[in-house]
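Shared between the two complexes below is subunit A, which pairs with subunit B and subunit C, respectively.
Presenting the complex of A and B:
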């Protein structure tokens, strides 16, 4: 009995059949390395997806913020009506009475992508709602971006750097902020397209392959269809080519890559109606054209040099040609700009070059909170230790200059400058910062591990070469070797500690700061319990159910997209902000006395006014807080609205000491309407957020200024109310 | 005028042109007239001008300039220029009435005073320089003492920079990592 039971599993493993099976399973080093790499990439792919799911798990699967609601509505239209209806769509439900030519004024890439994913899933018989597809599009493309980052890192440095780049970009908060689940916005797809275009272009420059250049052109087409930020690509690539030409790195590979990418990319970009002919008409795209002609000049000079075989004669010819070319280019640019054929830089992009421009001239651009310049804490929040690794990575790139590293250095520097000008553009800088930091991490860790592993090699070589040793290096190497090895191990542990702190920081930031849907708010109740405010959606649903279908709603432009998408009613202005005068009209109505405002609203056929007021709880981004922007924008077009009228000694007050114009304007009256009645209820802090929806049932027969207002007021009180005495 | 002094004069006035004789192959009559005519009246001065030669700076020069620019951008200099915050904030002590300085702008993530921006930017650049020093310390062609001092300085810089940056963030954002 005992002998039999001794034949255990271990004996089974040691039997000859099993050992030969294990030997066949034992992988060679190259295969082991491939397995490790594939496993890491798979884990990174999954990680990038699941770290963006916080808000889906906490609240529900819904679209966040403001802009994504428009995109969602457009995608719904696309799935219901088909592509040609979508391309020719004229939307009469927004910007009443002007309407909006939707087909020609948007970037269709995101919607078409979601639509294709939806159709693919339906083909595979997954009955999934389009909303789920929209919510999860951004995390899916974030995972794809990590793969592209791996290949890009491999192209720039080596596969180790590629792996580190993939990990860093999977969890970097700068990217997560615009690509959480639910943030169905252009940037979610555009960053993938940006990195893909850049990777394919750099690969084309490195290899001179026509296939990669054409692929890069198609990547550029996808980028143009997805986001207005394609202007960055069409200016960075020519700048990069110029730098290569100046540093004497002109080559046939560069010629093939740039020409094919530019020409085909330009032709493809003109297929998007919103972009149209801007590639040949707009000042922002002229750099690419100039560099294109400069490349032809370089090629011509190269050919002449090859023909002449006389360096001195060629030298003179070179001078004459370059002078003529530059002169002709300057004349052409001057004639084009003066005659108006080449339009100047638009305000949005010009304010990136001259940051003070928007503040003085275009208040609408200056008022968007995402367009504010960046403080150091925003950088720290979004990048953490990548801020130290970035300059170190730049050093490594400068140490080993090649066409590819010059590109990533330029991308990193230009994007960091723009990120400093506008907070929103930290997103564009994130891939560059992650790649350069990955180079730093990879190079440093490689140095340290070489030190750790150098012991056995040094002892072998010392015994082999005998007395041939330089006293300073080899001797000292032998002397300090045990110390060096321990130091290197300690430094490696320190590096892993830093990277783990980075991961902790990123997860914390994602969970706390970037996973809020903005349309549903959460707060802590009196007993520390979590209180959810769904006031926005309830208000829009009230609008949908209790107002006539052709009612027109006036509100500040922030809420326009949400009202049309969820409330299904016509709005006067929305987030597209394409017509400044229309917005100024609404701003003027909000900041005038009630009788003047009534006339304006009558002229716009307004039936309902929507105002967000958070005065009871201290919800800080309500319309009273944004009121000065309404005054500024209104005053920018109608000089009758003057900002100092609403201030007391230059200070903005809303209490009883406020300016008389402020106390009597429409916005103030609507916000604080019957506020005194609200304060009769006593409650415990903190309270809830209150949305006042005031509908003015305006009877057309009435003529007096103060119309018999049937004011319908709806208060949504969630929990206890906190009163201000 | 004899041809030789003409060519000398021509090459002296037009700075960096090459030394070969253009008149030997040209059949352009205007060119020949222009070569001869003005010099009946004018005597070109003997200049020693050279066109400035354009040499590209070395990679490490460019790198140090870039480091300086990075320091400025990451300290929030664009924010300082546009929003014009004070160099350092101040708050009044409720009981004593004395004015106390406040270094970190409280309450918002995207806001700063000038000095806090500059000191944080300095910490980031210090961390970067530390890692660069670590790499320089591994260069085989230096004396051992130099390598050791580079390595220790590099480690010290990185540690200081990380600790100080974390301290700054904790002061600025009170709920950090909680």
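Presenting the complex of A and C:
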């Protein structure tokens, strides 16, 4: 079957030009096929890299968003000071006055990877800046992911499915969204590590080789060092082993693969300080340990059964052992959980199982926009045709059930469930969806081309000796349906049309939606010309150049990383959000009256307050928009802040009719400070539009403020006494 | 009545197990001895921890996990070397042993880093 399909794939490409090329190179069929495969993989590798470069070409090579700035700052520190300093770094420039133990609270994989690439390039005498390495790390690893997807597809089904999987994952928007050039974040490297770990584990289960299990443990170590989502691996693999055990597919290969991976993987994972002892203490990791013990029981029973050769005796033994094992396990689990030694599931992961948990109990998790449940439009946007190819692929997997296809089905189903719970997790589902869809595409196209070639094949074998009765009977079967060949050709054309639409859609999505640096904004000016708003960076550099080096800046936690990375000043709270009370203090300061806020800011040694305001340009994700979250988070810790105080009849208003507490709180005063003097539109008097909307007087505050011309940012010196209006 | 049948069953079980085990080849018995040694060492460490307390936890974990890890790897070696396992018929025992040594090397290097 395999040889026939190989031949058909090559036959299709055998136009006169190609035939002469191959003949001139004197290649046999197998070598021709190898050349085609290598060429396709090379083109896919380059494609995956190139399609992520839109923002570099349109704007410049810079780091996007918020979290990547922290990673960039850490990488800079690592290249300047070396690994030992980095591993033991205590950062006093963030979370003033608490500081942050950076070495022990981050996932070092991404930074160390970029550092190693940087060192390698320097060794090869490429004088490249660390920023370029950071910007291009994610596309580089996306290309590597396509290679891993090829090998994984080959392991699951055949090399054709592998090639299709590589192509699909190279341009799939679900993956591109977090791995575009400039998005220097953990996921860019983590998805590569995830797929590599899964591939090596499935390979270990298929071959029973200790070497592959060891490699899978190293892949798992890399994943643990890169991203907190490693919890998915350490739960999916035991779940997969359980399913195999339940469906009666226990085998020695499974024992070898799982045990080696688990023990070595767990040990390696505990070397990362942030993870620490969680593998033996946290409830999220207990499934793996439970399955480990279950495997020992299974192996022991299997071995005794093999020794005894007597069913009756074995049944007695089985009864005793199983009751003992289950009893012991239940007691251990119960004692561990009840005594609190085994910690329960943390809020971050518990909210995946119970999506309503975060909204009621942990407002910080609920406030992040990436943590909202996914809409159908997001699925369509990120997956396009893969969305209906996914069930088709599941059908093919069920038709040819093996240890490998059971794994990919489980990976696909669990990741799709989690993708439905949280938008951010579409990223984790993308490799599974691409692989399963690739199986569907490859199997369908293979069947169709066989139908197309079958008639001529049957005629060949009939004209020959007709010794293969199967082929001749198949030929006669085909000839009974005269339009089968035409139908197959039509379906093939339809399939190619769908795939080309997919490629167009993916490129369009990448270009329009996922390539914006979000720190630089673009818009159309009054005459249709493109206007670039670089206000964020201008404001940070103003901070860097015009404030004393030990100044402390208070802002909402969104901007913390960027202020420390680009402004090089100490901040009160940043995106790490590890201390809810500290953030609630800032939220309380932002939502209190000016004198109360002044006292709070004095106690925190704040010199500057940074506020993002988008009233001039119509920038909608500014601090006024996020204000209710500040109120909720502040109110969660300090009951003096009550959300209904800021609403009018349950409605959030910022104009003249806003609630009095809203009109007088610090955030509002800072946002609309001297806004009346700003020209919003051509030809109208300054501030007129806003005065029309607001109709209120603005409180005069202190002197020397920086207002950028397009008013995205306002920064104030705060050490003057506030005057009351 | 019930007790005598179960004790008889247990005796019969024990005898048949023993006679079957005597028939296993010598190299597998050596591996089994190594596994028993590793597990006993782990049990001794756990008992010691129960008496003395678990500080520093990383040292305790690395000690126990090195014993458990090497036992598990020895079981994997036993599986791969056992001539009666049809799945591993094509695997030369030298390759199985080389994998075993490599995995143990990695295991103990990580343990040495983790001991603290």
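One rule holds in what follows: the second predicted complex is superposed on the first by the 627 of 725 C-alpha atoms of A that agree within 3 Å, B and C clash if a C-alpha of one lies under 4 Å from a C-alpha of the other, contacts with A are read in each partner's own complex, and residues count from 1 in each chain.
In the analysis below, a residue touches a chain if its C-beta (ideal position, glycine included) is under 8 Å from a C-beta of that chain, and two chains touch if they have at least 3 such contacts.
Since this is a predicted model, take the numbers as computed values, not measurements.
Undergrad: State whether A:267 touches subunit B only (first), subunit C only (second), both chains, or neither.
TA: second
Undergrad: Pick one for A:427: touches subunit B only (first), subunit C only (second), both, or neither.
TA: After superposing on A, A:427 lies clear of both subunit B and subunit C.
Undergrad: Now for A:246: first (subunit B), second (subunit C), both, or neither, which partner does it touch?
TA: So A:246 only meets subunit B here.
Undergrad: Counting residues of subunit A touched by each partner, does subunit B or subunit C come out ahead?
TA: B
Undergrad: So in the superposed three-chain picture, is A:378 touching just subunit B, just subunit C, both, or none of them (first/second/both/neither)?
TA: A:378: touches subunit B, not subunit C.
Undergrad: Of the two partner chains, subunit B (first) and subunit C (second), which one does A:209 touch, if any: first, second, both, or neither?
TA: After superposing on A, A:209 lies in contact with subunit C but is clear of subunit B.
Undergrad: Name the contact category of A:508: first (subunit B only), second (subunit C only), both, or neither.
TA: In the superposed model, A:508 contacts subunit B only, not subunit C.
Undergrad: Regarding the shared-chain residue A:316, is it in contact with subunit B (first), subunit C (second), both, or neither?
TA: Both partners.
Undergrad: Following superposition on chain A, which residues of subunit A contact subunit B and also contact subunit C?
TA: In the superposed arrangement, which is not itself an observed complex, subunit A uses residues 313, 316 for both subunit B and subunit C.
Undergrad: Contact residues on subunit A for subunit B in the complex?
TA: For subunit A paired with subunit B, touching residues are 246-248, 312-313, 315-316, 355-356, 359, 372-381, 385, 387-392, 394-396, 398-399, 401, 409, 413, 416-417, 419-421, 423, 440, 443-444, 447, 451, 472-473, 476, 480, 487, 491, 494, 498, 504-505, 508, 512-513.
Undergrad: Show me the residue ranges of subunit B that touch subunit A in the complex, using the header's touch definition.
TA: For subunit B paired with subunit A, touching residues are 17-20, 56, 59-60, 62-63, 66-67, 69-70, 73-79, 81-83, 109-112, 116-117, 120-121, 124-125, 127-132, 134-135, 138, 140, 143-144, 151, 155, 158, 161-162, 165, 168-169, 172-173, 175-177.
Undergrad: Can you list the subunit A residues touching subunit C in their complex?
TA: Subunit A reaches subunit C through residues 208-211, 213-214, 217, 251-253, 255-256, 259-260, 263-264, 266-268, 270-271, 277, 280, 299, 304, 306-310, 313, 316-317.
Undergrad: Touching residues of subunit C toward subunit A in the complex: what are they?
TA: The touching residues are 6, 9-10, 12-13, 16-17, 20-21, 57-58, 61-62, 65, 68-69, 72-73, 75-76, 79-80, 84-85, 87-88, 91, 96, 99-100, 102-103, 106-107, 110-111, 113-114.
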